[in-house]
Structures are given as structure tokens and as C-alpha cells.
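Per-chain residue numbering starts at 1, and chain names A, B, C and D are given in the order in which the chains are listed.
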Amino acid sequence: LRVSIIGGSGYSGTELLRILSARTDVTIAQIIARTSAGAAVADLYPEFVGVISKRYEAIEQFEPDRADVVFVALPPGEAMELIPDYIGNGIRIIDLGGDFRLKSTQLYEEYYGRPHTHPELLQKSVYGLPEIYRESISSASIVANPGCYPTSVILPLYPLLREGVIETRDIVINSLSGVSGAGRKASVEYSFSEVNENVRAYRVTGHQHVPEIASVLNERCDREISFSFVPHLIPITRGIYTTIHATLSATIDDSAIARLYNAYYGNEPFVRTVGMVPQIKNVVNTNYCDIYATVQKATGHIIVISVIDNLLKGAAGQAVQNMNLLFSKPETYGLA
Amino acid sequence: LRVSIIGGSGYSGTELLRILSARTDVTIAQIIARTSAGAAVADLYPEFVGVISKRYEAIEQFEPDRADVVFVALPPGEAMELIPDYIGNGIRIIDLGGDFRLKSTQLYEEYYGRPHTHPELLQKSVYGLPEIYRESISSASIVANPGCYPTSVILPLYPLLREGVIETRDIVINSLSGVSGAGRKASVEYSFSEVNENVRAYRVTGHQHVPEIASVLNERCDREISFSFVPHLIPITRGIYTTIHATLSATIDDSAIARLYNAYYGNEPFVRTVGMVPQIKNVVNTNYCDIYATVQKATGHIIVISVIDNLLKGAAGQAVQNMNLLFSKPETYGLA
Amino acid sequence: LRVSIIGGSGYSGTELLRILSARTDVTIAQIIARTSAGAAVADLYPEFVGVISKRYEAIEQFEPDRADVVFVALPPGEAMELIPDYIGNGIRIIDLGGDFRLKSTQLYEEYYGRPHTHPELLQKSVYGLPEIYRESISSASIVANPGCYPTSVILPLYPLLREGVIETRDIVINSLSGVSGAGRKASVEYSFSEVNENVRAYRVTGHQHVPEIASVLNERCDREISFSFVPHLIPITRGIYTTIHATLSATIDDSAIARLYNAYYGNEPFVRTVGMVPQIKNVVNTNYCDIYATVQKATGHIIVISVIDNLLKGAAGQAVQNMNLLFSKPETYGLA
Amino acid sequence: LRVSIIGGSGYSGTELLRILSARTDVTIAQIIARTSAGAAVADLYPEFVGVISKRYEAIEQFEPDRADVVFVALPPGEAMELIPDYIGNGIRIIDLGGDFRLKSTQLYEEYYGRPHTHPELLQKSVYGLPEIYRESISSASIVANPGCYPTSVILPLYPLLREGVIETRDIVINSLSGVSGAGRKASVEYSFSEVNENVRAYRVTGHQHVPEIASVLNERCDREISFSFVPHLIPITRGIYTTIHATLSATIDDSAIARLYNAYYGNEPFVRTVGMVPQIKNVVNTNYCDIYATVQKATGHIIVISVIDNLLKGAAGQAVQNMNLLFSKPETYGLA
């Protein structure tokens, strides 16, 4: 399996390198990274000294026919310009960015602040959440790898909404994210001195992951849901902690909820329903999503908590899971 | 003003020492600390070398008549055994623990896991949140200093509930707390290796601060509210970040909300209504509570965020604010 | 290969579980942990939910003949009492503690504060630093796995001393350690609130790793060295950063030093000589020791910096490397 | 006392604002900050909401005659261009940067990479370490406020060298610095994801603070010293931890060393000689330098450890201490 990565010098791209370089069935063809072109991977990331000897290359040097699958990890708006050139010669694309996640060009424009330039490709893309879209992924030409927050939100909400256990309105989602979710960038607001010993919410009334979550759940659960979502930046490097409050619409207890989750995810290799309140450290450096749910009797609410590693199940790990599906490899290969 | 501290070697007691030792109008009479009795304060906290020369004393050495006011910072259940012995000779008590915060002995027993042994004192105690109970505090013999979470929750919710701007049901409160909130204790679960790069929610369905919040808001707003409250432990030492979601019951916009908060808190020295999403670092090492509120049009929710330093406005700072009220000192004295 | 672990619930024991549970050629027979006996491994470490289903057992339940090799990770003094009972029936022991690292019972007593109760076993034990004692390790019945600091100090100093490039006196070693090096323990001094945003040196004039470092280097380099060693606790979970200053005794430049290291370690799978100042993150979660050396012309000093993951190359990783040697497995198996 | 700050939006400038805004005897005239000109201080640093209402101004708006003293906190090379324009009309300058710390233009050029454009001012400037240059500071027109590392190194070494207690050669200095020492800047290398859970040494063979330390100690101790200095970046926001190893040249024990330090610093308000190994947290948010020294008998070395808050005794606090000296205010005013 010949693999290239476009946007290979960021944190997600580097996690891809870490996973893929350990596989004997994968050859890394090219690693494209605009600003780092020419540098050795091991110069930017010295953990790879003696492990990866390749250099980053410029986008102009990209040769599509050297790869069977191309991972694209670019800032919003860049993937949709690049991908059309390569699609069609049989290359499969796994896009880790947001350009192909929303089917609605109107929502894309509203939340990403630019018109979508290739709406025709949106119909060719499949949302790469294997636990929900496994069948469609295996034959997709473009896999739109889910956002990190949506992964941590959709997986726990999907069974509850689909089974009608919770009200579709007044769902409240609070997420806490590690700083690597913002990418590898020079900026005062993500500098250590600003983030350490600090917390801040952001995009309180309009994060671009809101329509992504809504679209998937509305479509798959055949309901129109309404929720508020507040993401917070906290001083950890990796991990997402999502706490969801919803109003129960049925009389149900903790063990029935556990059975419900088990019915959906009991055979899933990367979703674990757990009996104790989760901690981020339980999933860091893994591709797991751990889910915990409990009924709060006093309020008639259900509290659902999920944790993922934002760079793995929230990005590169899920992308490799999708690659495994695309090429009929065991789904856990390289990820266990 | 002669001051003694019982339970002076924990984090709240030490903050009290920091604040009080800088005041020229205060004399620290005794610092009582069971396990550290005999040790110099500066041995346990070397920051006080050359600043505080006193030693911790055993409770047996406590002499009530040496103090005009006694701060009590003890684990649940201990204050209510001690305080009755000292009350009555004109000493004023400021209790930083939970023993005198709930008027209902039944709720106390349910949430603190032991019967209340001195219910007669509950009627003598006043809840020490100056912004709401200022009048009663000044003449109280026992001030029940609020919990850190309740301070961060009651202040932002109080004006909204009292004015009927939000529904009384389905209020959702997520709080993130620094580790110092758990006190200075030897325990694996609060060790650096367990907390760092980690997050965990706890007491998801029954934290003892739930009835404290409910009692105050129900009483003062003359409503019966229902809310879920989920506290989280995050890897910072100091600070609380509280994010509240509520359903608007009136048509109101951000500027009207700002006016509403201004009407309640515009003259308060330690509550700031801010126009940007708050960060914990804005209030660390201060006695401020910063509040931010915004309407989320898509859901009809209001998002309210508050931040405090859990050891100051959430404990020792508020306790000194109460002491200032008790003795007719300027309320900000020693805290600005 | 049947493996048991005694002291399996600490951080080193848990890293062993992580490494060994991923190997298809290893069966974990028993995991002994005194205080956690009876609990499921996945209850203490929920990361193992769905991965390890075993429970910790009490030492009384230990059955030596169920294992070919036993890893022992116990506090000082405990291993030397246990091991004699099991040695001799062909079981190989890899001891991660300090009881068998010093050949001198006098030094043991001086630095560990108790007499050594089984000096006869000291002669049977081999110091488990493969880069230096590989030959002897493969046939040892007891492997004394090196301390974390000594691993980070001996590897960089060994070639320099053996080749006579540096003076044997006035070597200065400063090490910075993550908190996991202190083990999983309930203690105020390792609590998050005490460690975060803080640094402290400790055992400034007599750490027990001093004689360990001296013994190995004196023996293998046939010299008597004198050095000061100051360990520091810093607010990270994993990793050791060691900075060594020594006086050059020969005229040598950076490239000659690089050649020297390459001659010693060029074929070593887990030692990398690097051309840039190392960072701890380059080796975290790996079994590498990265070494950097440069001549400081103005002083005639050489500055040597090494980094390891204290739980891997400094403990469990090296222990597995030793196990591979004991059983003629590829040395990197399970560690790459 | 009318004060202006040039370069007021960085961390040192902001600490100056924090200290000075609390003083009743000081009026802040202007806060100059190039890139933030026009913004309110409280927008950049919301901790100042309700405390400081001023806005940053552009350098073009600076009016020298509105201030009695000007603090300059600018990147290297900028202060020496600005200051000549303002000097001479009686304004006193306290420069927190490096432009006036070295008397030798040759060393300046070597370590700062540019020629010094105003060597004539070097003779007018006094090195602002009050414990050593108090007399000269009070009448200086330019005070060159010391670097953070030099403060932490010179204070502990000065008495030892001056009294001839240690050898002048083979002194080894390792310093650990918090990230705020690098200033408030957008850069990948100081981003949270790169710094957290990491350590790295830097400028191992030529930090610009080396000649600063050497010049002061050589001049004041009338000796020519040789030392290696290795600074390390560690994941804390504030504080410097300096560990010094030197060879004793006299027979001396811990108590004699304590007496020696006491003779030099016993009356100093901001230097504390302590009996326990220091921790950074003992001095964070204070202007103290804590010093600890102990003899390591086995090696004939002395280990000296010092801690400061890099933004206070290492920058803004010391600058205010100097301002107090310049204007005959009590030296501790605003700093205790």
C-alpha cells in the first residue's frame, strides 16, 4: 500500500507518520509540507531520528501516481482546491480537514467563511466515522475524516437519539480540548505562558463543528436536534473530554442504558462503554473512544461523558481506521 | 483586630495568612493546625521565611479570648463540634467549611453523610456571600463562607433567576476546578502523575454543593429551580471555570443582559461583568468573580460563564471580605 | 514465554503490562500487587478495559513454577527478601529495584539505610545495562535493572571515560526528573498542587544512585571517578533530562566526539547520538536514550546531554530489553 | 512620581503595571507599545478590567517631559536607539533589556550580534543590582536592570568569590527557566504543545548572559572567573531555578557558609539565605531571591541553589526596587 501525505508536518500528519512508519504493509511515498519543504522529517521531529529518513517535499513535487491513498491535512479551504486535481485516477483521498464534511454548501459558507468551490465532490465524499458509515466508507473515493469534537459527540449521542431515549431539544454539550487540537502554529494565544494555568471557552455561539454534528445526527437518527455546544481550551496537550446533558424522554435506568450502548458498540473495536467516570488518560495514545452514561434522577437528565485522543480517534487514528476499511485490511491494524 | 485560624495549615488557611499578615490593622493571635502543631509556618510554607515567625499550635492550646474573630477551615463535621464551645463569648466565627451552609439538617445528612449535631446553630449562621447577604452578614455570629463552586454559580445565576429571564428547569452547570480545591492532602488521585495531562468529572450525580446552590437561589429568587451540576478536575492549581446553559424565558439580547447584570453588580467591588469570554488567569490571585453572558440565538439558550480563584473569592478572599463586613472595615481592605 | 510480575500495580509494573500484553510470544501468568490484590487491573488502570482482564493477586498466591521469568518491582529492601525463595528452580529474575545493583554490601547499607540480607546473591546478579553488560546478561539468573538516573548518566559518560577524553574529577551532573519516577504514591510532596509550577532539587548530597553510577563506571573504565550529582523534580510526568559538565583532558572537537560515540553506540538499537540539543519529548514513550555532546571552547569543558523516558529505558523498557536478551529474542522485540 | 513605560505590553511591562498601579505615590503617564498601540490595556490583559483604564500609545506619541522616570522594556538593539533622544533632560531611565549591561562594546557585538551604536552611554549606565551596586544606582541616569539569569547567579556567587571560598575555575551553572522569560511572542517553539511535558537546554555554548555574569563578578571580586552556564526551558510559566557547583578552595562547613551569606545579605530585604533546599514556589509572585548552600563532602564541592521569580526579582520587581533607590523611596515600597 503506497501512501502519501499532504500537509505532513502538522500534528495530525506526524501522528500519521508515527502509525504508518511502523507498518510493514505500507510504504510512505511522499510527505508534502509547504513551509518545511526540503527539511528532513527528523529535523522537525527528532523523535524520528533513525526511524524516518525522508524529507518533506513541496506541493509542486507531488506525484499522484506514486500513491494508492493520499491523506490530506490542510487548513480549511486548501483541500478543496487541491483534491479535484488528483481524484479520478483511482487514488483514494482521506481528508482530515473540514472541506468535505458538510453536504450543504450553504452551511459550509456560513461556518467556514468562504464559498465551497467544488460542490460536485461533496456527493462523492463519505463521512469517515466507521461506527456509523462503515459500509459506505469502504467504497468511497473521498473520505471526509470527522472533526475531533464531532467524533467525541456523535458516538455517544447516536444510540440515544436513534432509540428515542432523549429529547431532541435542549441538549447541552461541553467539551474540553487539549492544545494540539489547534495545530502546530506560532501564535501568542496558544503559547505556553498564555495557556498554562488557564482555561478559556471559545466560539461560544458558533463553532464550525456544530453543523457537522447536527448533519450527521439529523440524517442518521431521522430527527431534527437542537443543542448548544461550548468548546473550552485547557492546559493539556492531547485529549478531548466531552460532557453531555440531555433530558430523558423515556424511563430508563443505568443498566438499560448500558445494554443500549452495548447493542450498538459491543462489537466495535474502538468504542468502549465503561462503568466508571472516564479520564482522558485512559485513551491518550490510543484510538479508543470511551463512553460513560448515567441517569441523574433528581433532574431527569442523563449525563453522558466521552473521551478520545484528539490526534488519534479524533484525527490520524481514525484516518488510518478508514484507510484499513478502504483497502480491506483488518480495521484495527496498526492501531491496537 | 485579633484573629485566630483553626485549620491553618491547609491551602485556604495559608491564603488567609498571606492576606492577613499584610494588614497593619490585624494581629494574628493563634494558628491552630492539628497535624502540624509545633512546626513553624515557614517550615511548611517557606515562602513565609522572614515574613511569619509563628508556629502552628494544637487545638488544645486554643485560647478563644485571644481573638475577636476565628476563621475555621476544617474537614466536614469537625467545625460543628468545635464551634459551639467558642460561640457566645462575643467571638465571631467565619467557617470556611460546609457545616453551617445548609439550613436543612436533612439535606446536610444526605449530602455530608452524617447527622448535624448542632442544628440550633444553623439559625444563627448567615451565608457569607456579601453580594446577596451583605446586610445580614454584618451582624452575624457565625458566617458560613460559601463553597467555591456555589460562589461561581450563584453570582451569575442570581440576577437571571430573580428577574425571571431564564427558565427554572433544565439549567446545566459544568464547572472545571483546579486541584487546590481538593485541599492539601496525601492521595494518589491528586498526585501530579495522575492529574497532569488528564481530566475527570466526579460526583456526577450528587455533589454536596448542589443543595447549597439550590437553597440560596430558591430562597432569594422565590423559585424552585432544577439543574444538573457536573464538576471536573483539570490540571491547574488554582481557579474555577463555570459554564452555565439555560433556556431563555424572555426575549432579551446581549446588551439587555449586560444592563441587567450591571443593575445588580455595577457597584460591587468584586464582581465584574465582562465583554469577552473570561479566562481563569484574569482572576487568579484576585478576589474577583468575572461574569460573561451571551445569547445563543440558534437554541434560545443563554450561555453564562464565570471565573474565580477558588482559594480567594472561593474561600479565603471571600472570608476576609466577610470579616471586613463584620467589623465595619472597608469591604475591599486587604483584597484589592 | 511465561511471565509474572511482582509489584505490578505501580507505574513501572504497568508499563511492563503495556509492553508485554501486546506481544504474541508472551503469556502473563500472574500479576502480584499487595495493596491492590483482588482488584482488576482495568479497575486501577481503565486504559486496560478490554485489553487486560486479569486481576492482581496477593503475594501469598504467587506460584513460581507458572513463570519462566519474574519481573520484580518493589520498594527497596523487599526484593532481597523475596527473591531467594524463588531463585534456583531455573526461574530468571529481573529486578527493577535497587537491591541487587550494588556489589558492595557496605555501600548498600550506607545508601539504602539497611543491611543487605542476601549478599551471596549479589555475585549472581548482573547489572542490566545491555549496552555495557550484554554478554553477561544473557546468562544471568538475576538481572539488576539499572536505575533511571544511572541509565541516563552511565551511557553518555562511559565512552568518554573509557577513552580518557575527560578528567575523572570535577564531573558535574544535573538531572531533571518527571514525577512518575517517584512511583505511584499518596503523598503531599508529589501532589499536583505542590509540584505544578514548581521545581526542587532533592538529596543534594547523597542520592542512592551515586554509588551505582560510580561502581559501574569505575569498574568498566578502570578509573576512580569523582562527581557531584544533583537530581531535580520538575513538573512533567515522564522523562529524565541529564546535563553533564566535564573537563576535557584531550584536544578534541565536536566531530571527533561524534565519531567516538558512534564507535561505541553506532550499532546500538536504543542509543542515538544526535546533532541537536535533545528534548525529552523526542524519547517519551520510547526505549531510546538520546545523547548530545559539544565542546565549550571558552572553558575547555564538554557539555553532554542525555534524555530518556524514565519508565521505559529507565525502567520497564530496559527490563524487557533484558528479558529479550535472557531468552535470545531479538533485542528490540516489543520495544520499537 | 510620574512614570512612563516603553514596551509596556510584554510580560515585564505588564508586571510593572501591576506593581505601579497599586501605588498611591505613582502616576502612570504613558504606556507605549508599538503593536498594541490604540488598544486598551484591559483588552490585552483582562485582569486589569476596572483597574487600569489607559490605552497603549505609539512611540510617536511619547512625550518625555510627562515622566520623571521611564522604564524601557524592548528587544535587544531598540533601547540603545531610543534612549539617547530622551536622556539629558533630567529623565531617569531604567532599561530592562540588555543594551546597557555590558561595558564592553566588543562583548556586546559578539553576544548580541550587532555593534553598539551609543558606547558613550555605557559609561553613564549603572548595573541595577541593588545588593551590589546600591550606592551608584541612586545617582544613575541610566540603570541597566540585570538579566533574570544573572540575578539568580551573581547574588549567590558574589560572597563566595569575593571571600575566596571557591576556586575561580570550573564553576558549573545550570539554570531552569519558566517560559515567560522568553517574552510574549508568537512562536512554535514556545507553544504549549511543544513546551508541555518537555525540557530542552538552549544556547549551550554561548548565552548572552555569560559575559554579563562574568563582567560583574570579575569587576566586583577582582578575579577572573571561568564557568560554564547551561540554561534550560522547562514547563512552568514563572521562575528560575539555578544550581551551581563549585570547588571549595578553603575548608569550610555549612554553618560557616551560612554566616558568610548572612554577613553579606543579612540586612538585605530581598535576599533570604534559607536552610532547606529551595523551591520556585517559595518566591513566585515575590521579589525575593532565596539562596541555599551546602558542602558536598565526598567531592569537595559546594552546591549553591538560588530561586527567583524571573518577572519580579529577575525583571520588573528589581526595576521598581531600582526606581525606589533613584527617588529615595523605601526600597521595599510596593514590593513587600
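Note that in this section a contact is a pair of C-beta atoms (placed from the backbone, for glycine too) under 8 Å apart; a residue touches a chain by one contact, two chains touch by 3 or more.
Everything numeric in this text was worked out from a predicted model, so none of it was measured.
Chemist: Please give the intersection of the contact partners of chain C with those of chain D.
Modeler: Shared contacts of chain C and chain D: A, B.
Chemist: Considering only mean CA positions as chain centres, point out the chain farthest from chain B.
Modeler: C
Chemist: Indicate the whole-number Å distance between the mean C-alpha point of chain B and the mean C-alpha point of chain D.
Modeler: 37
Chemist: Just the number, please: Cα centre separation of chain A and chain B in whole Å.
Modeler: 39
Chemist: From the mean C-alpha coordinate of chain B to that of chain C, what's the distance rounded to whole Å?
Modeler: Each chain's C-alpha centroid was found; their separation is 46 Å.
Chemist: Tell me, which residues of chain B touch at least two other chains?
Modeler: Those would be 194, 196-197, 235-237, 278-279, 281.
Chemist: What residues of chain C sit close enough to touch chain A in their complex?
Modeler: Where chain C meets chain A, its residues are 22, 43, 46-47, 49-50, 196-197, 272, 274, 276, 278-279, 281-283, 285-286, 290, 336.
Chemist: If you look only at chain A, which of its residues touch chain D in the complex?
Modeler: Residues 11, 178-180, 184-188, 190-197, 235-237.
Chemist: Going by the contact rule set out above, which residues of chain A touch chain B in the complex?
Modeler: 170, 172, 174, 176, 194, 197-202, 204-205, 210, 226-228, 230, 232, 234-239, 241, 243, 245, 247, 277-281, 284, 294-299, 301, 303, 305, 307
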